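Labels for the chains are A, B, C, D and E, by order of writing; each one numbers its residues from 1.
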């Protein structure tokens, strides 16, 4: 198992948001979290990425058992995430946003990083926006930069929080292609989406969340 | 303000309230000192109210010139330069610019100050006296004395050893030495000249100047000046 | 005058560099999750912002020698100024760091940056843009505060002008020194404007 | 001492209120799209930040009488302080206003707010949170700068302590006044902390 | 005609984003802007709302001819907009976000404003989040606050920039209900979306934008 979430519980003050969430995902699998707005999907991803402290339960990444967000943050660079609101670096151009982490975290040579970045940005259709700044991009373009930035990190696990919300059907197809390619390279992927078609097309497993509870886990074939 | 003071029958005297023992704030916040007593007595005799306005001493001549104060009376030394610019009374007290060193200092004469550091108050008669002796001043370490805003700092640095000597008004220096213990210091025989304390007025305010001058003379002859003098200088 | 200007500029530049560096460090200590460390930093800031620079100068110059610690008067000035200004800069930096969107920190964590890289590459470039205005205030105050060295018996331009003004019964020397300060501050303002421009490419 | 403290506090409070209000106005003029108005505001800020407060006090006190304009010493102090600090506050406000996300302004426009309501209800509440740290710096500097009134011959606590220190040849009065300032600044710091808390309910 | 856009042109530096855009919308009609990411849809809405200066052309609102963003801003309160990135007021609770404009712009009494706000927030399913702050909400919840806020203004024209991107199918149904109700009250609505089903269901007219050009205008029946 690449990701095992076991009995995850989390409250914001007295609002119980996650209630004994458990599921697992194999290496090279794509899982989708489905559920109504406010069901707790983003909170699950944030826990897995060490951005949110959880009350109880454990998250096992490969064989590493983690019980606090600190533990998870030690796995630096192994889990990537595309945020629902992108969180691009406003002071960096599109290409700088993408190469920053490969260069600084994985110490990849700048030329090589730029080359790979250009490749991935071409795949998401941003080859003509390399030197634009986030504030000069449309919503969907920003979202694609966020996707490219997370992919360039080349982590073991990649989480997407509604990665296609601002994208048109054609672009979504490109994203699906990318995800399948990443999967074939052995990456484990966890996606939040509201687009049921997209979910069916891309995923191996659909995890239905309802008001903080895992309602159903469905294998897709 | 000439007219104003006549109307109001009030004279405003500018003084520096750090200048012990001539005029300063005591621990109760009262304005006291030799000059203060002297001025109070003088204007009582003249039938004028007197108000003491504390001023920044480095701005004293400006204060007088603008008319914020009617007179400067606070160990105000008469210099050649000032003679041109103000009206002034006759001298009411003589003063010397003395040189103070620590007791164990090797410096015994003025000429031995060469290459040494000396401290004094900025914008003071002492500094002007040093400036007059330009050869000596140029021979000092840094070609200038070190200038403090108040004399207590000059005495501190002398003790700490940052300076080798102090040049100061005799009245002032004696006050500090009596506070700190006279036996810690020695006063050189040489000095930077003698001078006189006067009361300064605006150039055109000769009426008031003459009145004060008369009254001071009167007080010297009837002994009240001596009484005040003894109160402040043992 | 030239001598005085030299004093102003040397105190200014040395303090600026020293107190900025120290300020960054204090800001981080102040933000530390360790209660003790952050309390110490708070105390440091309170003490140094809480007492007049004038007093700090007097204490270091005339107080420490009572304990047998004697510095050269120029060193005293630099020391007091640097400590004092580091507290002010620390607060500005802290405010800036805290005002950066949480999402920027989270993105950095998720992308695997260590703390140092995160602050160097992501946080600080954005902080600088945001704190330029208060920073310019503090820097401009600093260049004028240098005149406080008069208390140590060092003659700066303002003091020299005051003395000249009184001697000559004229405000002209003060106008002159006012113009000198004005020029210095205009240069600083210009420098800040350049930095502002350099950071204006994004919103 | 009590007398001196009164001076400190009255100069402080009157200046604080006056210069904040004036500062807001200057900040808006500075941000005006009208080139002339914004240049005038820039000039105002340059002049008042560009010259030492001490000189401004001297000019109002000794310069204006040459033109026949004579103020009471206390009025002079208030006038100079208010003008001077308004320039510093204006820059802080400007920085704060400019740092607020463009989206907030756009949302206000689209919701039909007039400018006044937009600034009062949307922009300023967010600006205040963001500028608290530099504001605290400036306010703390102000309370200590009040001691500059000595130049006008008004005895504030620092001056009284310096006189006592000079008279008694002792640093104790300075330590005492240092403690008084420390208490005042601690109170101010506490007040700022309260405001910070009041605004901490959102990010 | 409620909205007439005539020969609208707009460039960002030398990037020509809108190229002679023309279309119109009757009172009480719902129009949808469709198009690839980066096609220029958001820019069109921003021009109509007076948030972006355009290079040439005119936008006629009812009978008011406007040629600059200033002109449009004079129609204060008549055109509303839901932003792609919401732009909620972070220092105000959900209900405060919604009542702020009715109270301050339309001088509606506070109690009445609160009542209507509660009603509209109930419709979007946020009745239990009235006193939460935006930072405590999930993505979809924030989006619904933005929708409620714009609706509460009750403008003549309402523009939505991808109003359902972060919402699940059930919630989208509620939003459709709301839009149809507004339409029946005579409101003119312009929506950007990538969701073709949603577009077909809700709209009277679909305007297809391709690289800054109106490619096709289609009536929906």
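In the analysis below, contacts are C-beta pairs under 8 Å (C-beta built on N, C-alpha and C of every residue); 3 or more make two chains touch, one makes a residue touch a chain.
Owing to the predicted nature of the structure, the values given are computational and were not obtained by experimental measurement.
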Tell me which chain's centre, taken as the mean of its C-alpha atoms, is farthest from chain D. A
Field rot_deg for pair chain C/chain D, CA superposition, rounded to the nearest 5 degrees, holds 180
Using mean CA coordinates as chain centres, what's the chain C-chain E distance in Å? 48
Centre-of-Cα separation between chain C and chain B, whole angstrom: 38
Just give me the whole-number Å value for how far the CA centre of chain A lies from that of chain C. 43
Mind pulling the residue numbers of chain E that touch at least two other chains? 85
Could you list which residues of chain B touch at least two other chains? 59, 62
Quick one: which residues in chain C touch 2 or more of the other chains? 58, 62, 171, 203
Which two-chain combinations qualify as touching? A-C, A-E, B-C, B-D, C-D, D-E
Hey, which residues of chain B end up touching chain C in the complex? 58-62, 65, 81, 85, 119, 122-123, 144, 146-149, 153-154, 156-157, 160-162
Inside the complex, what are the residues of chain D that reach chain E? 101, 103-104, 106-107, 109-114, 117, 121-122, 125-126, 129, 199, 201-203
Across the complex, what residues on chain D touch chain B? 1, 3, 58, 61-62, 65-66, 150-151, 153-155, 160, 162-169
Hey, which residues of chain D end up touching chain C in the complex? 46-47, 49-55, 58-59, 62-63, 66, 88, 91-92, 94-96, 98-99, 102, 130-134, 136-138, 140-141, 144, 147, 158, 171, 174, 177-178, 181-182, 184-186, 189, 203
Please output the residues of chain E touching chain A within their complex, sorted ascending. 12, 34-38, 41-42, 84-85, 125, 136-141, 143-144, 161-162, 165-171, 194, 196
